[in-house]
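Two complexes are shown next, each including chain A; its partner changes from chain B in the first to chain C in the second.
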Partner chain A sequence: MNPLPSRSPKASPALPQARGGESAHNLSTLHEVELRPEYRRILEQVAPGAAGPEPWRRRKLAAAHELLALAQISQRLLIQMLDLTEAFRTAFTLQMPVPCRDGETGPLRVAPAAVLGLTYRQEAMLSAQPGYSFIEILGPRNVFHANVASSSQPPGAQLLCLGPKLPPNIQLVDLVLMAYTAISLQTIQFSLVDPAGVLNPAAARWFQANPSHIPLTRDPFLSPKEAA
Partner chain B sequence: MTNPSSMGQTPGITRRATARARRVDRLPELFGLKPGLNAERLLDELSVMLVGVGSVGATAALSLARLHVGRLVLVDRGQFKPASLLTQPVGEESVGEPKASHIAGWCRRISPRTKVEAFDDPLQEIPISRMAGHQMVIGAGDNLTLARDLGQRCLRVGVPLLTAAVYGASLTVQTKVFAGDAVDSPCPACSFGAMERRMMEEEQLWSCEGARGPAANGQGGIGDATMSLRPLCAVAGEMAALLAVRWQLQLGASLANTMTEFSGYTWRTFVTPLRRNPACVCHHERWQRIEWPRPLADSTPQELLEAHGLRARATTSAALFALDRHRWVERGLCRCAESVPVQRFVEISGKRLPQCRRCRREIQPQPFYSHESINAERLGTALHEPLRRLGAAAVRDVTVTQDERTTWYTNHPAEPRPTKGSRP
Partner chain C sequence: MMNTRIWSTAGRPAAELAEVLHSLGFTSAAGGYELVSEGLRLEPGRSWWTLRQRVGDEDSPGAELLMSPGHPGLWKRVRFGDGIERLFALPARLLRTENAEQEEREGENLIGQTIQWALETAKGRVPEGWAPPEPGLLDSWFGREQLTVVNGGFLRQGDVITEPTQFALRFPIVPMLPPGLTPARRAWLRVLLEEAQNRWHLIRCGWLETPDGISAVLEVDLTGVPRALHEDLFVTSLEAVRWAVHWLGEPADWLADVTVASGLLAVCPSEKPTKGVP
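And now, the complex of A and B:
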């Protein structure tokens, strides 16, 4: 796996390293999860900077609580950065298999984790947004996936497309779960005649020809123990 | 009525110019004109922006041009299609032409004295400063998202908005005037119900080529064309032009925050008040406009913060800066796929970032690290650098927001120069 882009020193308040691993909650009740002190501190650290109209501020804080709760109950998610000043922006590591390829002809490699940058803008509460407008894969830098723009093509941003349009007011945690199933190839759209979602035609053709690699894992986001 | 020939020829004006009819030749002595108001002068001063130059908007534009109003700015990203000939005031030669530029050409021919500008771009690409300074904005677009965005922009800069629309099957014309003079004024989205919100979410368009959007035919394709009669569209356009004149000349009862509906079946008109919906999906805010006395590019963010009334570091850290048509780029990418620090403002559709030191290729803004607005704390030492040195040499408008209070600093000149996409 390539080195991850270093965090900008001004990108966010320094976050304590908080790692998950709590059980007895499921994904529909994340708002009810009582945050452990290390996660509560993160929320208290970023909450005063949340700017914007009151409904948007409330929404950002609720989404932050849910994301932190997800990190708390899951072993997969490690939050690296959280910023509520304007858009909701977070960078986090997801432990999951990530398809990668060096160069145009190298073998498929599977990286053990991805760092995702998620941006949720205020307008996403009101209008449908293009499926590529939420998540950028910050690392590794050589993701080889039909629905991820290739880093070797300008502008080089590895945007993940989650569909032609995502409905307004989509929940932030849903985006995280969609990203997990998309990157691990549990859900993949690689039909070239349906351009919705295909950002890397070469990868789409490759996976059509090599279906044995699909999916990279069948594991659900939460292990049965975590979801219990 | 005055006979123009009896007025003689003005020295220095050519015969062709004097052959043109003057507005005063047809301008009646309006009964409702308040003492002290000069209709001629007020019409000379009337500046209207029309967003949406289709069957309704083009009619209104041409009508206002015949009134020789002072200034018209036309905005429409569309082009005329064969079906446009059925409802819009154009001929066959216009098919394929951009709507705004084409109608602007006609307005200039009708009234050379009117300053006419055209933008063949979507509203979102028009700097918000171009919306200020008009006496009225007329919205005659083909979708609710445009109406919502227009309402927000007009509220922010304090310009009245008039929307005009037709409902073909019921022969109904509907016009709404949003005064936009206070944050508790209504906006177009205040009256959106569940159906409108669904249409907006589905990006429903009403086009003479066919209604578009998932709701149009249930499959996300192109459904039936929106049906309406040319006379009804013309009535809507003429009503919009007449209401703009009434607004400017302050004729009759106040139009502020009213909806006027005309039924072509009953020939009756209904006027109802518009009120702000506390549960409106839009944020109602009014920006305080400050004409900055020197080029904004030569000013530092810290100076703008202080002008906003923020001095102490504790109070400035949460302030948000936004530069019109710029974004703050923390990091960028180049062909060597490295993420490199950038830390400067970049024009959204303008010059590129410097080259990568490693691979000598052009750096591109990295989407996750690009911000439409940036908070003061994150600017760090850049707070004390002139915006020009931070990459914003062309900036003309800056907003500073804190605690829901926004100050809008502008260098916008009284006579704006055309920008990209503008055809003066």
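And now, the complex of A and C:
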């Protein structure tokens, strides 16, 4: 399954990173953040293309605002693509440690960032969805993680599993935060007897045997300065 | 001073707990206790105490999870594997704090009362001699504005029901099902409510039929709750139901709005299990 089929993005400029002087915000008030002009322009650019029933359209616009606000206040997140045409689709870079391993026996190496593709479909607003149905790690390849499907196994998509089932109407920003804590191993599910969650049994066994690598960071998503 | 009491995940000395439960007819079983005559299993977990009851004929697979509101107590139907079971769940902290100590000082036994509450309400009965809290006391536990949930353009007004034989919190999630709601839309709404009932402890969902029509409601029914738990469980329940209303309001509004056309909602939702690998 590839949540990001080859479709030209509606907006794909890499956006500027946050600058100093932001007013205080926390993650539960992102809808109140006033977007800076460069972020507002992106929203204005993609909004007319947002199709679908009115509640779904409204939801996509609200989620886009929150995602752009998160990118505005956080140094960690850089949005690279945003498309509201049908499903809510976005690709973004997250600065965070990412566990990788080349080949079956290579050493663990930690990449400094990941590019994630996130697809939020209309039905996710109305019914519970499998935890692997939202996020794919587009880069780096060779991610070595119990809850990420291996790129060396067909179909090669590095799907990230965030749990057996995620509740209906889960917030898009919550998915971003869950991806951060999952990939950086702050939260991890590596029980091989539970078929939900473990997409790479070899990685699950390796981290069980090498727990000193868990977590890769204890940093929260927002730095104390960003959150203050 | 060294603590020599037996360790227990329940946050309560295991020997003391076992003594109380054995006196009520429970026997020890792996990970909990069982009352074989009632088909009940109690698991005193660190966060929640759960009582589960084997399915009966009325709960056979395929039966609806959602019940008519008003059933006394916290019992509800949830999915368990491929079937359905009855569940009564209570925050564990309520049974190990000063509530329990106070009751025991007064010569009463909170665990015993709580189990009796569960047993009586499992049969649809209210414990003998039970009464809801006095209105003045109840009002001191919360602000009436907490019965209003606002989320964007969505607003729901809840109610506290205090009758001689009922004490419950109830919020309409869809105040009135429109006459033109298609079977497919109603199926989507049912799946949404079932998911909420499965996912969140305390919360029960159902269809409330009145002379004016049918509404979909969320409720926490505290009828029969032991006096020592009145305030803490009410406050916890109010937060729980507010959270669920906030979470479900937007999708429920959409599903019930027949003026919004949607190809997705023209057919019934898939109810296949989603657990497993892609």
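Here are some notes:
Just so it is clear, the second predicted complex is superposed on the first by the 205 of 228 C-alpha atoms of A that agree within 3 Å, B and C clash if a C-alpha of one lies under 4 Å from a C-alpha of the other, contacts with A are read in each partner's own complex, and residues count from 1 in each chain.
As a working rule, a contact is a pair of C-beta atoms (placed from the backbone, for glycine too) under 8 Å apart; a residue touches a chain by one contact, two chains touch by 3 or more.
Note that the coordinates shown come from a computational prediction; the quantities given were computed from them, not determined experimentally.
Partners chain B and chain C, once the complexes are superposed on chain A, run into each other and clash. When the shared chain is aligned, chain B and chain C each come close enough to touch A:168.
When the shared chain is aligned, chain B and chain C each come close enough to touch A:127.
When the shared chain is aligned, no partner comes close enough to touch A:112: not chain B, not chain C.
Legend: residue contacts after superposition of the two complexes on their common chain; A:91 is shown touching chain B, with no touch to chain C. Look at A:59: by the touch rule set out above, it reaches chain C but stays clear of chain B. In the overlay built on the shared chain, the residue A:159 is in contact with chain B and with chain C. Looking at the shared chain after the overlay, A:199 reaches chain C, while chain B stays out of its contact range. For the contact definition in use here, the residues of chain A common to its chain B contact set and its chain C contact set are 52-53, 55-56, 126-128, 159, 165, 167-168. By the touch criterion stated above, chain B contacts chain A in their complex at residues 145, 148, 200-203, 281, 283, 285, 317-318, 320, 330-331, 333-335, 337, 339, 341, 362, 364-369, 371-375, 377-378, 380, 401-402, 404. For chain A in complex with chain C, the residues that touch the partner chain are 1, 52-56, 59, 62, 122-123, 125-130, 132-133, 149, 159, 161, 164-165, 167-169, 195-196, 199. By the touch rule above, chain A contacts chain B in their complex via residues 5-6, 8, 10-11, 48-49, 51-53, 55-56, 85-87, 89, 91, 117, 119, 126-128, 136, 138, 141-142, 151-152, 154-157, 159, 165, 167-168. Residues 152, 188, 191-192, 195, 199, 247-248, 250-251, 253-255, 257, 260-262, 264-265, 269, 274-278 of chain C are the ones that touch chain A when the two sit in their complex.
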